[in-house]
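Per-chain residue numbering starts at 1, and chain names A, B and C are given in the order in which the chains are listed.
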Amino acid sequence: MELSRSWRVIGHLVLLTCCLAVAAPVAVVLATALKSPSEVFQPSLWPSAPTFDNFATLFGKARFADYLWNSVATTVLRVSGQLVIALLAAWAFARFAFRGRDTLFAMVLGAMMIPHLLTMIPVYILMARLGWFDTWAALIIPNLAMPFAVFLLRQHMLAFPRDLLDAAEMDGAGPWRALWRVVVPNLAPALSALTIILFVECWNEYFWPLLVTETEASRTLQMGLREFLESDGYSDFGAMMAGVALASVPAVALFLILQRRVMDTFVASGLKG
Amino acid sequence: MSDAAFAPGAAAEGIPSAAARLPLRLRLAGVAPWLYLAPTLLGLGIFVYWPLIHTVALSMTEWNLNPDQPARFVGLENYGRVASSTLFEHAWVNSLIYVGASIPLKVLAPVPLAVFVWSLGARGHAYRAILFLPTLISFVAVAIAFLWILNPIFGYAKAWLGEIGVRLPALLTDADTAIWTIIAISSWKVMGFNMLLYLAGLASINRDLIEAMRMDGASDGVILRRLILPLLTPTLFFVLISTVIFTIQQVFTPIDILTGGGPQNSTTNLFHMVYQYTFVTFDVGAGAAGTVMLFALLMAVTAAQILTLDRRVEYGR
Amino acid sequence: MAGIALRNLTRRFGDSVAVDGLNLEIEDGEFVVLVGPSGCGKTTTLRMLAGLEPTSEGRVEIAGRDVTPLPARDRNLAMVFQSYALYPHMSVEENIGFALRLAGRSRAETAAAVAAAAGRLEIGHLLSRRPRELSGGQRQRVAVARCIVREPHAFLFDEPLSNLDARLRGSARVEISRLQAQLGMTTLYVTHDQVEAMTMAHRIVLMEGGRIRQQGAPMDLYERPADLFVAGFLGAPAMNLIPGVIEPGPRGPVFAAAGLSLPAPLGAPEGPATLGLRPEALSPGDPGPGEIALRGRVDHVERLGAETVVQLSVGEAGAISLTARLPGAAAPGRGAPMALRAPVSALHAFGADGRRVALGAEARELAPA
């Protein structure tokens, strides 16, 4: 659709302002992170001599190596588990006819509508009773069943070409082998997009780790940021911003690699902020 | 749909005599879907549905999270206690402010932006990419970054505003400005994402319709008002519902990092109130009661929106 | 290869019946084509035989064994789908060999079998390609290769040529027929295209409304359609069907319709009837002995090169529309009058119930001597 010239100019100006508003804080974070301690409190945007000293502080003085490892490991384990479990459930809903299917699916949809904050107190108590406090298990297991992933994968499976499933059946594949050898390889686009959504959600999670992590045995990067803010952050903003950059890099890197696909599925999924 | 999910076991219907001769594998076929579902059902049962009920039970007890001390049943007392507290009053009013301010900033403002980016076609992709960036960055990182930028002594905002002769007030420690600062930061985080949701809604509009209207002599303004905005209403409602839930939930992070709910409870919301009751003062009963009230509020919002959705969104595609 | 029997096969969807008590036997090595208009139940029948669709009633027997409760994967049947259903994520070689690998055959054994099947279909050079890199004709061959590599009890084809262009369709028909004969494949082939049915089948089974209307050798159905539906379905252009009435005349019974009065075929009973006449039975000119005459005005002429299809209006006020299929390109122009003749023996008659009325030579054969 072609707009008139004046509207186009106004539109570009507004959007450029928005982009600047997005880019400026990002630039500030990166600039501060690369400044030397003596320069941090000077307002020049770019560091005169970029240095990685601030990152060294994170890995030396603070326990960011542990936090990074906890974040990477729990995210990988949790996302893989979420994908496998959701694939199985979605396949049950898409492939089989059984009594109570529609009711159960409605329950899954219902669970999608229930935010974590409504269930956190009993789950927190449960974690304490199980002795899972400050362990990876507390970060991973309560979040393994992912209603949204079940829903998304079921939609894709229902849209899966019927003939291909029939052909697999004729070729001698039962439901199990049809799932892993025919359906999953052909859902690769949806699965990789879903992986990114789940990854970003887990990587950026704040509230739940705040409740169940206590030491570097399970603290994730996001918790590390909070911890560092409370201990040294106000006096060492250089290292603080280095931490912010470090915590943001994986998600942003994934985004840069898979730009279009990420955006399209984020949008399609709609639910995650 | 039941057809699409035809199970081989169903082929045996009406022929019981033949079923007896089937291999064990096929006679067990009816169990299969339950095995596939088991992990999800267990997970949702243990970590979603049971806790929901447990929360209601906890809301009627007095307990301090100490496993050695038994919970005492107190009926609806916690609800009265929470509802009459000043913390609740602040949290409730602030929640309304957060949600109310979200609608123009997060729900309405992205609409013209999205329409404009959409009108650019493929040339709008650079805008999309940049505006999507805040969606990926964790709210903790965002909050801490703004804590630094808005630092009243050394922050960049102070330096930059100083250049044009404006003095930066201490936004986060002033009870009048703190909540608006948090609203602005959370808008920064979510606006690009909502714009993308609108773009997705716009992408489903058949461009032939626009051509047809143009052939009929319609101007840009007419096309916008009579075609694009009506077709965008389903997306608008969807953005509204997700933004309200986002605002109630996710704003917890900047509140916790930036102000801790203060100064003088001026930035707390219902979620943060629940957190404070339960995990700061260990008043589990009050926390659970607050949770149940929050749940009721969320249900009411969702129900209201589903009702309006049903009426307004018939012409989705 | 093995024989197949469908016994009282029924499929209901709620209140509607898609397939209604169908009985059909297919002999070992026989090529049966199931043909009918869309919605006639032919695909449902095929899918019930395959095990892809549950049966509401009745039995499916393969090689004398009741397989009704077995899922498709345990029936050892192979199928070519309308869309070909090639796995997009596998190479041609993996597509063809998938069933063998699932059945636990070794890599080497599978590769040899795939190579043999590919050689037979002349797709050996395509083995490393992905389905999306193939043309429609190539995909169709891969789909067939995927079936023959398994040496199944029988082959099922579900409208396998409908995604090909007209030229390829002709050669694919020949190829499938040839392959079927060479391998002695027991085959059930579903199509809505009567040309495929006529050219490929050993036996045509014509379905309508979930039931079999008529079955038999292609030329039997063509020459002696059992009812109006079969008469109208087979043949292109379709048989001319003229509704009218048979009544007594001065020189024996006559067929009368819209001012037209023709000598009624021998043995046709009096009363309402429909007269059938294939377009190719008509030829230009005045009638000789044993022929009827039809005069009309030309409405439309289609010259196809080797033959010409002429539409005429016949009878009072041109109320009857006839199609004639004439050899060559010679035909009068539009609006011109035209005289046509046809042998009485080419006339078909159908009674008020739509059933065929035995006539002429047929009636004499059937009549007690």
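Rule of thumb we're sticking to: contacts are C-beta pairs under 8 Å (C-beta built on N, C-alpha and C of every residue); 3 or more make two chains touch, one makes a residue touch a chain.
Owing to the predicted nature of the structure, the values given are computational and were not obtained by experimental measurement.
Among the other chains, C has the CA centre that is most remote from the centre of chain A. Between A-B and A-C, more C-beta contact pairs join the chains of A-B. Taking each chain's centre as the mean of its C-alpha atoms, chain B lies 59 Å from chain C. Centres computed as Cα averages put chain A at a distance of 15 Å from chain B.
Centre-to-centre separation of chain A and chain C, using mean CA positions: 57 Å.
The set of chain C residues touching two or more other chains comprises 51-52, 71-73. For chain B, the set of residues touching two or more other chains reads 6, 8, 10.
Shared contact sites, meaning residues of chain A that touch two or more other chains, fall at 169. Residue ranges on chain C touching chain A, taken from their complex, read 47, 50-52, 71-73, 77-79, 81-89, 98-99, 102-103, 146, 150.
If you check the complex, the residues on chain B that touch chain A are 1-2, 4-8, 10, 30, 32-34, 36-37, 39-44, 46-52, 54-55, 58, 65, 67, 112-113, 116-119, 127-142, 144-149, 151, 154, 156, 158-160, 188-193, 196-197, 199-200, 207, 210, 220, 223, 238, 242, 245-246, 248-250, 252-253, 256-257, 271, 274, 278-279, 284, 287-288, 291, 294-295, 298, 302.
Interface residues of chain A facing chain C in the complex, by the touch rule stated above, are 161, 163-164, 166-174, 177, 181-182, 185-186, 188.
Against chain B, the residues of chain A that register as touching in their complex are 1-4, 7, 11, 14-15, 18-19, 21-23, 25-26, 28-29, 32, 40-41, 43, 45, 85-86, 88-89, 91-98, 101, 104, 107-108, 111, 113-126, 128-129, 142-145, 147, 150, 158, 162, 169, 175, 200, 203-204, 206-207, 210-211, 222, 225-226, 229, 233, 237, 240-241, 243-244, 247-248, 251-252, 254-255, 259, 262-264, 266-268, 270-271, 273.
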